[in-house]
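Some structures to go through are shown next.
One chain, chain A, appears in both complexes that follow, with chain B as partner in the first and chain C in the second.
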Partner chain A sequence: MSDQLVERGPNLLQIREQLLDLFGAQLGVYILPSGATKPAFWITGGGKGQHRVPPDWKIRGIEAVLQRRPVRQGLGGIGTIIAKRIWSLTFVCYDSTQTLDDIDLLIFRAFPDAQRRPRPATDDTYEQLNVELPDVVTIQPTQLT
Partner chain B sequence: MPMVDLRINSALDETFADFAAYLAQSFTAEIREAKWNWPTDPSPRDIVDNGNLAKSLRVDGPETVDSRIEIRFIWEVGYAAPVHDGAVFKRTGSNGQALTMPARPWTRPVLYDRTTLQEYFERRFALAMMRQGDGKEPEEVA
Partner chain C sequence: MADFAIGGSIHKANRSLLRMVIPTLPNRYFATRDGAGMITLPTLATGQAYIEMQGITKCGFKVDDREEEFRLFGDDGWFDSVTTASKLSASCESFFMKNIEVPGGSTVPEIRGDYSEDFAIVERSRYDKDYEVYFEILKEMGRAQGSTGNFIYDFAGFNGVIRGYNDPSASESLTKITFDVNSRGRPVFGRYDAGATPLSIGAIQSTQLATAASSGTRRWATSPVDNASAVAVSAAITVTYTIDGTAALTQLALPPTGGGGFRLENASSGIQILAGVALASNVVTITPAASLPAATILRLRVADGAIQQSVDASNNASANGVRKSLQGFSTTFRTA
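What follows is the complex of A and B.
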């Protein structure tokens, strides 16, 4: 018999869906070499450990990048641990005719306790919004036989 | 105001001032620690180039704002935010993709270590309260 830790809370794909429901309409698109498009939402550290889209993809409009691994903070508990996860999410606006203001407001309305750090575009860099999204999960040992 | 309230307030003032200095020191240590991955050797290494980022830290507070005690840590060089949160540049590399600077969020390891921060604060507050009690410097609590 051995113990395995099980985290009870939304998984990465569920979080992605939740976030796309919230601001998917604001996002731009990736244009793949084939000409196909997909929503500009990237999760880092996938199969090839990539931290950004492949170099032959083009980005139009606003891109969201979610760090695959959240930071976890223990909030207490005996046996079952209650933990806060903090997800790092970065938006970059590649289109000078758009802004990240609407996304900032959407995030604020949906997650009032999220930390938001907006940064305007400069001559050298695109407009960016860094967000740290908290959620609470439980982590409990499950005995395997 | 009762004497005990005055002592608590005074001990809190002392503890927050101490806490601000402790956080400032911890942030600077994180900047100087060799822990960040780089595409070229040596890696990992620190994010110190000429030391101006670490030296630019200004601490405002502690001060009471809307019934909360606030301490603001401000790095006064213009590139502090792009270094901390990363940046995407408008110029492109040889492959046509925008150049990027990865995020090096040096405040996170300090602020996310709640246990260490809480223990430090409680220990310093206990010492400050003891000093308020009899006016004598207490022996260091382990």
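What follows is the complex of A and C.
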């Protein structure tokens, strides 16, 4: 990635690390066909078919899904572009013996300005929590050519 | 590609370049303006470079002309006037900006515990009331012949002092600060021809040079070595900078503020042990004022910027370059 396309803030991998540090212990696991397990944290949109976990994976417990591309809103800026990035994160609790209460509180403590929208479980859906994490960065404007 | 974007006839603020230089008092910088209104930039002193102001959300300036009115007899009663004094006043709004550096060999910026290069200048005005800064504001206007020709900028340049720093810090919002700039001396306005290459605007200002103990081209070695034990209480403490573990790193200097970035302290209490700091070639020697305490774990903290290197635009050592900070580190050892 060229310097001009670098945003002055954490990249996707750093965001993932930060979030896993925050609530990784609360997450469930993906169970791969081989029987191996991975933390149930999925980043969508990496390419064709990457919008969800492979169909032959199983999920146990709580899953977190992060949208790969944040929504960017310009906040103005002189000599640079100041942008608010909003990362969209969704938790789904597939285990009826668990709740998203702890994760909700962990998110609130770490990101008090995040928008949190809990959705209780219904007869047809699992409990969900949608979170929008704000993150302000500066970006280099397009250069004249 | 030419700048034919919709609305391109109106200048957009993000396509401005605000930059500063810290002159060595009592010198000031002045651009010159020719009869056609074209600007020649001042020649910066060796070791000085422009620092971009980034994170600025407002920067308005106005020219305050003081006029004295008078009337001449026989002029049918019409007023006339003369400008008796003039100054430029700027009012800026910015965010409290943290330092971001791109480590050597990486394209991923990292935030380090320091002010950004530009904000460090602004914050210094909080206590240093006679701290003059040379400001330039350049607005992109495009190429001289549309899609070809040199890149032309509107130019305003002036020396000034930062006044009225204000940090309201409202809870649950971004930390914004405001400050004013009052000019000293004559501001210069006009058009600046940057030549065939446009000025870079908004790039990451990575002014810190990465260091490591045993890799890269800026290495440090300490004596005593890290985790050494049974170190004599009279032992000399040194930090040696090299390019490969052997050959000396050149063009090093302590910053203008001195050797305070090299801090020797008790590792458990953090209490500082008074010591002198001296640089000779590529070796920094830390000389405690008294014998070191016995059977104690000590830590040498070398802060970011505790030592600087003069480098050219490619970050190669250069006597005529600009000073950049070397990345810091810390090491511990135990006395006998």
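In this text, the second predicted complex is superposed on the first by the 131 of 145 C-alpha atoms of A that agree within 3 Å, B and C clash if a C-alpha of one lies under 4 Å from a C-alpha of the other, contacts with A are read in each partner's own complex, and residues count from 1 in each chain.
Convention: contacts are C-beta pairs under 8 Å (C-beta built on N, C-alpha and C of every residue); 3 or more make two chains touch, one makes a residue touch a chain.
Just so it is clear, the structure is predicted and the values come from calculations on it, not from any experiment.
Once the two complexes are laid over each other on the shared chain, residue contacts for A:136 go to chain C alone; chain B is not touched.
By the touch criterion stated above, A:34 is placed in contact with neither chain B nor chain C. Once the two complexes are overlaid on the shared chain, A:97 sits clear of chain B and of chain C alike. By the touch criterion defined above, A:11 lies against chain C but remains apart from chain B after alignment on the C-alpha atoms of chain A. Once chain A of one complex is fitted onto chain A of the other, the partner contacts of A:82 are limited to chain C, with no touch recorded for chain B. Comparing the two interfaces of chain A, the one with chain B and the one with chain C have no residue in common.
Taken together, the chain A residues at the contact with chain C in this complex read 1, 3-4, 6, 8-9, 11, 14, 75-82, 112-113, 136, 138-141, 143-145. Chain C meets chain A in the complex at residues 1-3, 13-18, 52-59, 95, 100, 102, 107-109, 140, 142-143, 151, 172, 174, 198, 200-204. For chain B in complex with chain A, the touching residues are 81-82, 85-91, 95-98, 100, 102-103, 108, 112, 114-115. Only residues 51-52, 55-56, 59, 71, 73-74, 86, 88, 90, 92, 94, 117, 119, 123-126, 128, 130 of chain A touch chain B when the two sit together in their complex.
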